[in-house]
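Residue numbering begins at 1 within each chain, and the chains themselves are lettered A, B and C in the order written.
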Amino acid sequence: MKEFLSNRIAATGLAMLMVVIAIALFAPWISPQNPYDLGKLDLMDSRLEPGGKYLLGTDGQGRDMLSAIFYGLRVSLLVGAASGVIALTLGGLLGVLAAYVGGRFESILMRIVDIQLGFPAILVALILIAVLGKGVDKIIFALVCVQWAYYARTARSAALVERGKEYMEAARGLGLSRTRIVLKHLLPNASPPLIVVGTVQVAHAIALEATLSFLGLGLPATEPSLGLLIANGYEYLLSGKYWISMYPGVALLLTILAINLVGDQLRDQLNPRLSRA
Amino acid sequence: MTVYVLRRLAQTLLVLFVTSGLVFGGLYLVGDPVEILVNPQADQEERARTAAALGLDKPVLEQYGLFLKGMFAGDLGKSFVFGRPALEVILERMPATLELAFLAMLMSVGLGIPLGLYAGLYPDRKTSKAIMAGSILGFSLPTFWVGLLLIMVFAVQLGWLPSTGRGPTENVFGFSISIFSVEGLRYAFLPSLNLALFKLSLIIRLTRAQVREQALLDYIRFARAKGLPRSRVIGVHLLKNILIPLVTVIGLELGSVIAFAIVTESIFAWPGMGKLVIDSIFQLDRPVVVAYLLVVVFMFIMINLVVDVLYSALDPRVRIAEAK
Amino acid sequence: MLEIENLVTEFATRDGIARAVNDVSFELKPKEILGVVGESGSGKSVLGYSMIGLVDPPGRVVSGSVRFEGRELIGLPEEEMRALRGKRIAMIFQDPMMTLNPVLSIETQMVETVFAHESFDRAKARKICLENLELVGIASPERRLKQYPHEFSGGMRQRVAIAIALLHRPALIIADEPTTALDVTVQGQILYEMQRLVRETGAALVWITHDLSVVAGFADSVAVMYAGRIVENGRTEDVLHSPRHPYTRSLLDSVPANNIGQVRLRQIPGMTPSLARLPAGCSFRERCGHADAQCSSMPEMKTSVRCHHPLC
């Protein structure tokens, strides 16, 4: 932790990330208005420039952009974090299991992983959403399907290294059960690389969800994430009303940047092979 | 080598088969294309007629069977919307996407490798730090948002370049290509730059990491000890070694650029396959979506194959291992 | 021909400044063979790099002088240094797996070395390469020239590296542990070949190694390095038979061939100190059996021995 904070850029990233998370958590309490309570919106106030009554201006329905961004951040982070946690659990377990069980199970699983990773994430997600339709649950499902393979591969290779080590022999010698060996010994040791992959993947997931929502294939309009906010502002962009699209984009950028900065530093720290010589 | 290629082709067929089944089945469950195609006031009879004309009145399994039969005959069905063979519609749009992807790869490789090389060779210089900071920013910027910014700055504010659409095309070997004229390039510049940015950052980071790793190896020191000029040590000894892993990545990224063109084409209203597939998804034009996926999957697998062949051409160690 | 005086090379590390070469001086006459002996981390490789101008950042030659054929090499412009490298001074390295570029053919790697210093036509350059491959004992050089490094065994690869080093008949060859990564039998062959080749081509040789026994039957003189310093140097017989520095003595005691069937091999206790955190005074004192209070201050220096204990 001390080493982490000694890197100024990484520390900034971490601070930014904390702020972003705090905003997402407390959005209903810190937002100037509830952007989805139609009764509170005043059409007379639509498309106001930033400054004045509304710090970041308003959108076509007179919605305060700052509040919309706070709420959008909430949805974006929720989708990113939820899909990340599920994919990590699923992929991590499958990967460790593959390394532990070996044989047919391992080779088939890894084949699937290889084939899936050969396809760009956006394509896989797009197909799934096209098939499944819109919705928070569906987009989380699609993102999990896209991401699990990265975790599975990482977990397997980490677990393969651990499997060869002496303490594993000792654990087996002690007659510990398989489940116990996998859960208590292999998984914890495979976690540092999983965490590193995890930070990168969560950033990817957030960007991907925003992209899909922007294309109109992600979340329904009732739960707008940052991507949908940007899409909504798109039509006003060409007429010079930049703020409706611009500020949600900045929020999205800062979120992803913060996660990437933290991830970069984690990778340098947790991976001795990559640490600067 | 032949065995290897054959095995890969068999795998291709399997993947194509699975993809088609998943997508076909999935799209069938999502919605009824007839609802979208016919006039909302149409009566039951007219709906039934439309459905029968499209072959949608048959059970889903039979539809899929007919589809598979057609697929192996090179017929991917007729587009509901265009009323023409889906494959034809896709192939018509393909040159537009490919020229975008080509320009984007050209930009990201042409800039990425030199910049990464520089940042790797002189890691402590200010310029290098700026390059790396730029690359992490490029890595974090969502593609579609950058597209909006590009339009806003270069098309709306400055008015230098057209914001949407494709320039005039000319016929080159039977393909309509727009990037051989200045006017066409003006249209293609912003979308391909947009598509290139993420890949550019990726290639910079990869090249730099490779340089940092390879430059410490003894063969570089030995090349210098032989008294070779620096240009040759870097341009031949170092570059050829870092190119090997880079070729793999660049090949994979080409596939990903084609997929990501979906986003860029939507923003810049570029009439490629990506824009087509998004429209088709909304219109539930199932044959086009399925045909697009099969075409793209096929392209990916071919790209992978080419990369593998190229890889062995670059690396003598692989060549020998296969000859044995 | 080669005179090194008070050479200091430092590296900036995370732990501070490490003096990899600390106040090193020696001389080398034409055709002389010098063995530089030291443990890993003693700075002997860096000494080699310093002589040929291949010290990379974060390292740099801080002070001192390297005079070669009457020219001062420290501070020489890079282009002039490059013209010397491979031409008048050649270097070969430890791991033959790593020194040849894996993706270029032997022909490319040899011919480019010829072209780096001469403007011959390609046919003549090839002919020189073939002659040199033959010289180092590579059979069917014509066929071998077209091959890639991975098609050679470790010993053969090192022969190729030596052939490249000899291409321009340099006056000085620096060999940085060229036999360490090889099988023992191959080691013997390469040693023998090297001896023959320097005699035939008239080159002087600096042979860097951690193995005293390699140097024993081979070098005219020996320099023993410890923690960046040369602690003792002199004629090979003198240093091996009557070492004057306790470190040299310990090294000799740890060589198996020196005491067959006699006493147990003696280890040198402890580890080589980190160059960035050397103890004050004599840097060997923490591992030395003879150390006393006097050693904590910088010991007085005799002509070639940096220790105040009269061992002989």
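The rule is simple: contacts are C-beta pairs under 8 Å (C-beta built on N, C-alpha and C of every residue); 3 or more make two chains touch, one makes a residue touch a chain.
Since we're looking at a predicted model, the values are computed, not measured.
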Remaining chains grouped by touching, chain B not included: A | C
{"item": "Relative to chain A, chain with the most remote C-alpha centre", "value": "C"}
{"item": "Rounded Å distance between chain A and chain C, as computed from the means of their C-alpha atoms", "value": "53"}
{"item": "Between chain A and chain B, centroid-to-centroid distance (C-alpha), Å", "value": "23"}
{"item": "Multi-chain contact sites of chain A, meaning residues that touch two or more partners", "value": "none"}
{"item": "Of chain A, residues touching chain B in the complex", "value": "115, 118-120, 122-123, 126-128, 130-133, 203, 207, 210-211, 214-217, 227, 230, 234, 237-238, 240, 242, 245-246, 249, 252-253, 256-257, 260-261, 264, 277"}
{"item": "Touching residues on chain B, where the partner in the complex is chain C", "value": "124, 217-219, 221-230, 232, 236-237, 240-241, 244, 314-317, 320"}
{"item": "Of all residues in chain C, those that touch chain B in their complex", "value": "49, 52, 54, 57, 78, 82-87, 90-95, 98-105, 112-113, 116-117, 148, 150-151, 161, 164"}
{"item": "Of all residues in chain B, those that touch chain A in their complex", "value": "11, 15, 22-23, 26-27, 29-30, 136-137, 139-145, 148-149, 151-152, 156, 163, 216, 252, 255-256, 259-260, 262-263, 266, 277-278, 281-282, 289, 293, 296-297, 300-301, 304"}
